[in-house]
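First up is the structure itself, then whatever we jot down about it.
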C-alpha cells in the first residue's frame, strides 16, 4: 500500500484547493527556475504542473522552495 | 491522522509567538531569496507567509536558511 | 529484502508508463544540468537514463528537480 | 512530547558548551552567508544566534555547513 | 550491527558490477565537480573512488548527482 | 542514549583510521569550500576538523561532498 498524503496538513489541503479551483501558481525551485502552471495532482514525492500548452512537468517536492497562487 | 507540530520545541514555539503577535519577519531561502512578510500558519512541511499586499506564499521548510523578526 | 517502489503513487506510475512507452524525457538536475534520454529503470534511490548513443547514466533521485516528457 | 536533543553527542555537547560560555561563533551557511554571533539555544531543528545588536536569528540546522568558535 | 546495502536494488547492483569489472566512471557532484576514477567500495553513506594515481576519495552519496560508466 | 556511529561501515571506519593516524585531509563542502585539517572526532551529525593553528571547525555531515587524505 502506498503511503498516503497527509491530508490533514494545511499545506497539503491548500494545494488540494488550488487543484480543485484550477488556479494558476508560480513554483520557485532550488535551481532558481520559476515555473508557472496549474497543479493537476500531488503525491508524497511530487507535484504535477501543467503549462499553457497543457504539457505536464513532474516536479519533485524536494526541489520546491515556494508556491504562490497567481492573482 | 496528520503528524503534529512538535510544539514543545523552542523553534516551533517562537514561530507560534511570531504568528500570534503578527510580527513581520525576514525569511532567507536556499536560493538566496529574502522574503518579507507575516507568518500566518506553520505545519511540519511548510510555513505560509503573507506579504504587504496580503498575498500568500507557501514556503517549504526544507528551503529555509534562517528567519529574523524585523525590528 | 530490498525496499520496493511505491507503485501506488502517481509519480512512480507515470515514470513506469514513460519507461513502457519508451518516451524521451528531459530531466532537470539541481546542478542545472538538463539531461535528455529514455528512462530504462527506476528504483527507490535512482533512475537510469539512456542517451542517444545508448549510454546509461545513473541519476540519483535526490538530485532531480523535474521531469518533462518530450513532445 | 517533543523529540529531545541527543545530548550524548559530541557536536550537541560542544554547542551546549559554547552557549554556556557565551562564546562568539561563526556560522557558515549553504547560501555562503557567514553569520557571527552567540548561540542562545539549540533544538533538534534549529539554532538561535544573537548578533551584536542582540537581535535573534533562527537558523535551520539543515542549512548549516560549519561552525567555528571565534578566537 | 551496521545497516546493510540494499543489494536487491538495481542501482546498488550496477555499482557492484562496476566495482567488480574495475570500470572507470564519471561522478557528477552537486558542487558541479566531475570526478573520474574507479569505484572501490560502496556503503550506505559513501562511495570510494580511486583516481589515476591510485589515491582514494570518499564521496558522500548525498552529494552525488549522477554516475556514468566511461566508454 | 545517543545514537551510535555505525562503526561497521567502511566510511566510518576509514575516518576512524584517519583520526587515529592523525592524517591531514581535504574536505570539500557543498558551498565549494575546501577545508584542510585533521579530523579529531566524528559523530552521526558532524565531524570536527582542526586546522594548522589547532583551531576547531565543526562540520555538518550534510554539507560534506568528499574527503581526501592528503599525500
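Chains: A, B, C, D, E and F, in written order; residue numbering restarts at 1 for each.
We adopt the following convention: contacts are C-beta pairs under 8 Å (C-beta built on N, C-alpha and C of every residue); 3 or more make two chains touch, one makes a residue touch a chain.
None of the values given here were measured: they were computed from a predicted structure.
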Checklist outcome for this item: Neighbour overlap between chain E and chain F returns none
Checklist entry - If you walk from chain to touching chain, how few steps can bring you from chain B to chain D? => result 1
Checklist entry - Taking all residue numbers at the chain A/chain B interface, are over half used by both copies (same) or under half (different)? => result different
Checklist outcome for this item: The chain whose C-alpha centroid lies farthest from that of chain D is chain C
Checklist entry - So what's the Cα centroid distance for chain C and chain E, whole Å? => result 19
Next on the checklist: Using mean CA coordinates as chain centres, what's the gap between chain B and chain C in Å?
Outcome noted: 33
Next on the checklist: Quick check on chain D: which residues sit in contact with 2+ other chains?
Outcome noted: 30, 62
Checklist outcome for this item: Among line, ring, star, complete and other, the chain touch graph is ring
Checklist outcome for this item: ring traversal (chain A first, then chain C) gives A, C, E, F, D, B
Checklist entry - For chain A, which residues are in contact with chain C within the complex? => result 1-3, 29-31, 33, 35, 41, 43-46, 48, 55-60, 62-63
Checklist entry - In the complex of these two chains, what residues of chain A are touching chain B? => result 6-12, 14-15, 28, 30, 32, 61-62, 64-69, 71
